[in-house]
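Okay, so chain A shows up in both of these, paired with chain B first and chain C after.
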Partner chain A sequence: MTLTVSADPPAERRLTKGLPVWTDIAYGISLPLALLLAWGLSSRFGWPPEQILPAPQVVWATIVELWSDGSLAEHTLQSLRRVAIGFAIGVPPGLIIGAALGLLPRVRAFIWPVFTAVAQVNMLAWLPLLVLFVGIDEELKYVSIAWSTAIPVILATTRSIADVSPKLVELGRVLDFTPLQRVSTIVLPAALPSLFTGLREGLAAAWQSLVIVELFASFEGLGYLMTWGRQLFQLELVIVAMLVIAAIGLLLNASLQYLERFVQPWKTEDPHGS
Partner chain B sequence: MEADASPPHLLRGAARHWRPFVAFGVIFLLWLAAAQFAWVDPRFLPSPAAVAARAKTEFTTGTLAFDISESLRRNITGFAIGALAGLLLGLVLGFSRTAERIVGPTLLAFRQIALFAWVPLLSVWFGGADAGKIAFIAVAGFQPVVINTWQGVKGLSPAYRELSEVLIFSRLDFARLVALPGALPSIFTGLHAGLIYAWLATLGSELFLNVTPGIGGRLNEGSQLFEMDLLFLGIIILAVIGLFYNSSAHSLETWLLRRRKR
Partner chain C sequence: MNQIYPSPTFQVESIPALEIHHLDKSFTVAGRELKVLAGVDLSVKIGEFVTIVGASGCGKSTLLRLILGLDLDYSGDILVDGEHVRRPGLDRSIVFQDHRLLPWLTVEGNVAAALRRSSLSRAAKKETVREHLELVGLTSFSKAYPAHLSGGMAQRVAIARALVNRPRFLLLDEPLGALDALTRLKLQDELKRIVQREGTTALLVTHDVDEAVHLGHRIVVMQPHPGRIATILSIPEQARQDRSSHEFIRLRDKVLGLLAVGAGACQTKERTVA
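Up next is the complex of A and B:
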């Protein structure tokens, strides 16, 4: 429908396509640098007070110290282990329930509203209830991470299967495919992209709820590091933990995106960045 | 829900509408039966009657109504602050390429911080009372709004930009007549997500920060005192408020964007 002319970028933009990377980096880095400078300068003049915002060099010294005595790695690994186990527990039931709901529209009609009502209540609200059933030990972390992983996985799997084009499904019927063939040759390839999105959302949710559950009750891990820093009014600990949490979140997201492209190389990059 | 492409026939519509209630009804009956025949220890699963009785005393002589209103007040205040800031910044980033290049990467990096990782820092900066809670709720509401507004304005089809160049629109006219209506669906997606995040943050702020009147504080109380009826009641109320937010945002969205749906 749109004019083909507008689909082609103007010549000069095409020419400079490789170039803007460096200027983009320069622009992008200017704000963090300016903030860092302002932060360093203001802390030199003793404003804001150390308990409100520790100086950048203090934060850096804390990173070095925690790194050299191995406690930063220890807390981080503990958190990563919890996420890995919770995610691994949450994904299989999520995929199975999602597939069942997607493949059986009649079951979906009955179950879906109940499921959305349950999904509506975030893991956070179940937490006070969950504590009474499983205690505050590792089980609590695994159950709540698995729970918050499973919900986006179920949602995405169900949607991706239910949204497979009816034309394709009809084609399978015309070709006299068995149900198994229909699933393996038509439904699965068509549903794969959104299925992966679901897994990525599940991992993001797992990471979010790790922080929640570690703030709620834990004696090690990044969330504990933050709670501890807050109680001691050592904000540098809080900031270090936040930095690590951001870095890991970025890493998890990027690696799954890479995996997504690796598994389905036919999927071309969406220009609008969906 | 997605399959509702055919025109809603009255009878078929009714058949579709009773189905979900069957599932809710079955669950309720199971719950009733479990309580009646003592399948489960009542300390772990209170009977529906117990929860109803608790609701009655809470709403007549207790403070639950006040707790809910306090939670909603903080929720709405925080969301309004966060969403407004997100909307403004998102529009600036969408319209100005320079602003986008300077602020965009930093914003995307900040987004990687898991939402609840803000709690300890904000609680030190703003205190654990009302201000800290509202600040956290505002941060929660801000993030999805700013990203979706920004991407929505940026994602406008180049054909529209060209058209407005051909028509020699002023920048203001472009914003008013082309960009804003074009970005509206995306902005609504952001506001909707922001509303849900803000509600989550409302609950979280009450669980993690100082105890003040609020529904999250009551949940914590129920957990610590092992009062299952209070816990169940609290979760049901949370679900109802969440459902209300979600469905009203959804219907507002479809109503405001009705011209787009042919």
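Up next is the complex of A and C:
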């Protein structure tokens, strides 16, 4: 018997697949380079004044200085540690609550209204209350970072389960799967892409609230570096902290994306996602 | 059948594979009751291949869902091997129009997924998966993911998955409807061969009258609004064997005539509504 294999991938996939890696990288780098150039030019012509926007070379010198005296690494590690702990505390309950909301209609009916109301209020607004409960030490940082991580993770997990194709769920019924088999064979793999989106959103939120809590009450960390720089009117410190946060965020996001591809081998032919 | 089981006592004891009595089914759409099946009576013998043709909206797919046990909200009786259908079970399986393969499992994994609830040993499962992939001619694709298969190949995998539990009853819901004409012709012959070889009782729903005449022992002609059986015709052996035989053409034209009446009635109805 002869078999016909359709060799044509969908058109959109072919378009993105055609881009070699170096072109991709060149595209990604060109915008930051252009911004850097504009920044250099504008400071050369003194607009805005140097007290407001320090020149790139001043920022670079600050980076070198902070790096050589070890304080940049110290602040960065401190912040990373807080994000790591807060994120690690926030993710498991986020996944569990999200899964419960997505899988169990009764739980959803019970918790959803309260959760939606709580999620509407920004973590910043909870801070004064949180301080009363957990004080202003490390616990405050962990709790607020975990909190802001958990909310997007819960939302994405619930949504990812709701979006599982009803046709595939029906297939699970036809094959007489147990509830556990339905979750492990159909719901979980189908939900993975949205789950990872949730984790990435959670990580972004964790970094944002890290800066907020470190601005609020801290003596070390990148957020503290920013506060300190602002108070001394050394804006290059603020910019250095911003750059480090952005770079680390980019790196963590990329590693989550890598992990996402790694756990979904059936998508390996399509590295740009669908 | 008579040649294989000449004893008359077997005839008395043998119960039909499927018996449907006075089946009525309606859906509530926007507060109004919409009758989709009315007074359906059908009896299918063990090993028989029955095909159902009819215009869209005559409740063909709904009928299959009821036999599968996916929907228990109906009046009348549906008996499979003399037992009322109360839930989905591995004695009945289905091939849908869309292949419904799980994208995250390989060809092999998709077929094996149907065996999750089977009591076979691990080795026996592996062996039966291999046998069924061979049956549909996809042994060399066993490690491929569904995204890399053509429509025809994906549908072959779905057929293998439906047969791997050796079900008493194979339901086919327009399984070849989404394929191109050439692949469809090829798969019709294969389907006929496979069903014959496995000795499964089969019920095929289709729009394609040629397909219905070519594959079935009997053909059920349905009419819509509400879905009901217009007539049941036996297909002479010559018609099944040879698509260009007199018998084939005569029967096909007869069925087309019956359906055209249904379509005409449908059109007048739409006109009065508009």
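FYI, the second predicted complex is superposed on the first by the 217 of 274 C-alpha atoms of A that agree within 3 Å, B and C clash if a C-alpha of one lies under 4 Å from a C-alpha of the other, contacts with A are read in each partner's own complex, and residues count from 1 in each chain.
The rule we apply is simple: contacts are C-beta pairs under 8 Å (C-beta built on N, C-alpha and C of every residue); 3 or more make two chains touch, one makes a residue touch a chain.
Keep in mind that what you see is a predicted model, and the values were worked out from it rather than measured.
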item	value
Partner chain in contact with A:133 - chain B first, chain C second, else both or neither	first
Partner chain in contact with A:229 - chain B first, chain C second, else both or neither	first
Which of chain B and chain C A:194 touches, first, second, both or neither	neither
Chain B versus chain C as contact partner of A:211, first or second or both or neither	first
Comparing the two partners chain B and chain C, which touches a greater set of residues in chain A	B
Chain B and chain C footprints on chain A, overlapping residues	3, 6
Complex contacts: residues of chain A adjacent to chain B	2-3, 6-7, 23-24, 27-32, 35, 51-52, 105, 109-114, 117, 120-122, 124-129, 131-133, 159, 162-163, 207-208, 210-212, 215-216, 223, 226-227, 229-230, 233, 235, 238-239, 241-242, 245-247, 249-250, 253, 272-273
Chain A partner contacts - residues on chain C that touch it in the complex	68, 70, 88-90, 93-94, 96, 98, 100, 102-105, 113-114, 116-117, 137-138, 141, 145, 147-153, 183
Chain B to chain A touching residues, read off their complex	1-3, 16, 19-20, 22-24, 27, 44, 98, 101-106, 109-110, 112-121, 123-125, 151, 155, 157-159, 162, 200, 203-204, 207-208, 219-220, 222-223, 226, 228, 231-232, 234-235, 238-239, 242-243, 246
Chain C partner contacts - residues on chain A that touch it in the complex	1, 3-6, 167-168, 170-171, 173-178, 181, 185-186, 189-190, 264, 266, 269-270
